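Here the structure is laid out as structure tokens; the discussion comes afterwards.
Just so it is clear, A, B, C and D label the chains in written order, and each chain counts residues from 1 on its own.
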Amino acid sequence: MQIRILVTGGTFDKEYNELTGELYFQATHTRDMLRLGRCLLDVEIETLMMIDSLDMTDADREIVARSCAQCEESRIVITHGTDTMVETARAIAAVVRDKTIVLTGAMVPYAFGSSDGLFNLGSALSFAQLLPPGVYVAMNGQHFEWDRVRKNTATGVFERV
Amino acid sequence: MQIRILVTGGTFDKEYNELTGELYFQATHTRDMLRLGRCLLDVEIETLMMIDSLDMTDADREIVARSCAQCEESRIVITHGTDTMVETARAIAAVVRDKTIVLTGAMVPYAFGSSDGLFNLGSALSFAQLLPPGVYVAMNGQHFEWDRVRKNTATGVFERV
Amino acid sequence: MQIRILVTGGTFDKEYNELTGELYFQATHTRDMLRLGRCLLDVEIETLMMIDSLDMTDADREIVARSCAQCEESRIVITHGTDTMVETARAIAAVVRDKTIVLTGAMVPYAFGSSDGLFNLGSALSFAQLLPPGVYVAMNGQHFEWDRVRKNTATGVFERV
Amino acid sequence: MQIRILVTGGTFDKEYNELTGELYFQATHTRDMLRLGRCLLDVEIETLMMIDSLDMTDADREIVARSCAQCEESRIVITHGTDTMVETARAIAAVVRDKTIVLTGAMVPYAFGSSDGLFNLGSALSFAQLLPPGVYVAMNGQHFEWDRVRKNTATGVFERV
């Protein structure tokens, strides 16, 4: 069973620019993270965009949804900024019905050493192998159907609605 | 749904003794790892022993199996050294039939900074929520039924048999 | 011989706010860094301010200079943002002549795991023990008299002038 | 001013073998550490041996002393296991009199993420630039003349005698 990982950026992949002191995107760390996790799943990594999810437009979400629909894999993990993760999940659910799609992200950039990203990636890849078709958010060790979750912006935590 | 985490030691929890230059066990890092992963699952952590799995005796395995049988949770994750993980899984499977039990571990100690442990813990906790009753090994992003897996000691990798 | 460490903030002590995605200051990491370095020097740590050195005003520099002049130690290390480190050094040199004062900083926050801060702190504390009275910048393993150095903003490197 | 770094192994450079669970030596991390510290000193790194200092023989010490005597640099930093660091310093002092030689090491391997090595390396390189000719040990932010120091094996700390 092959799993496709679609990369969209988000905190997951942010880096620190030591000349400007700002956070920015370079290449994704997904491959490094899979290596660190000694992951032996058959995964195909595809970078769709490298952006902050607050900057994600409807056109960007259409790209993500179309990539989900058109790829040959039926199990997909999407790395995504947490702020608009649920919106993108909704956009995907509107057009893809027969695949298991799990969105995940991180509260702290992987490059900063104390990130939740590795935990979430292990979790999302595992959920993606077992959940029935649908669009899900996997954060904090939990999984939620896309229309049953929201991010609590005060606490940074995803909670069931 | 509450999940019980049974800690037995293994590479997961090894530390470096800077006076002797040897690896040893102190307290488990499981709670730190869950905090790092921002895990919000309802977990109960219980340390059964802190030993290298090569030193695990039949009596130790009996303790692990009995703890699985007697705890009130029906979903259990066990942190365990990789060398004899499959043997312990067999000992548990002999006495527990109606619970979902997932053994996991690490190739590199969590305290050493570049460990696969966080990935594996996220993965094992996710598998434990979805798999039907049975005893499983979760490593490398994969899961195996206990009687369909062995550790390849040459490569350090768990493979299907 | 006691050494005073004056903390002013700078990249050294920046942290990542996982709710806003911005960098900010909390408490200094200096004590943690000394513990990690197993430092056994007799040091007194004093936090003067926690700010980005681009935000440092003349009034702030006066506070730093006065603290150097008034403390009882004759050997002082100052942690400081790199952008205006030389300006602060000049302000100190204008009023303190009989002490050895070494400013240091970091290009990457200590909290991000791959920081040059620990190297620089070890270096600055060592220079402070041996250099004659004067005001110095210690970065990149090197030391410079305050009026013989500038930060090359294109490369992020301190160079002799 | 060029500084020569002579590598002999020691805890500094130990790594974790994830197949055997034992510590071993591969290549030195010195270059990586200098890169992390953004070190811009003109250094020449030479690996003499990669051994635990408890395994160091008189013949090994002779190699170290001869390398100090014969290299063209007059300022030298030696990375060394802490257990017999003072013995090697004595062997060097017996044959080299006109150079500044600083031995340093680490209590925790650099590869383990929470090492004192980076602090010590920054410290040793700084001491080596300023100290007069002699053989010194630099640990814990301090420096000692070779015949005025011993390692307290109970505490792991170098102390003046």
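The rule we apply is simple: a residue touches a chain if its C-beta (ideal position, glycine included) is under 8 Å from a C-beta of that chain, and two chains touch if they have at least 3 such contacts.
Predicted model only: the values in this text are computed from it and were never measured.
Peer 1: From the centre of chain C, which other chain's Cα mean sits the farthest off?
Peer 2: Max centre-to-centre separation from chain C belongs to B.
Peer 1: Per the centroid of Cα atoms for each chain, what is the distance between chain A and chain B, given in Å?
Peer 2: 26
Peer 1: Centroid from C-alpha atoms only, then distance chain B to chain D, rounded to Å. What do you get?
Peer 2: Going by mean C-alpha positions, chain B sits 39 Å from chain D.
Peer 1: Can you compute the centre-to-centre distance for chain B and chain C, using the mean CA position of each chain? Integer Å is fine.
Peer 2: About 45 Å, centre to centre.
Peer 1: Residues of chain D touching 2+ other chains?
Peer 2: As it turns out, chain D has residues touching two or more other chains at 107, 113-114, 156.
Peer 1: Mind listing each pair of touching chains for me?
Peer 2: Pairwise, the chains that meet the contact rule are A-B, A-C, B-D, C-D.
Peer 1: Quick check on the complex: what are the chain B residues that touch chain D?
Peer 2: 11, 14, 16, 18-19, 21, 23, 52, 107-109, 111-114, 153-156
Peer 1: What residues on chain A touch chain B, complex-wise?
Peer 2: Listed in rising order, the residues of chain A that touch chain B are 33-34, 36-41, 107, 113-116, 118-127, 129-131, 138-143, 157.
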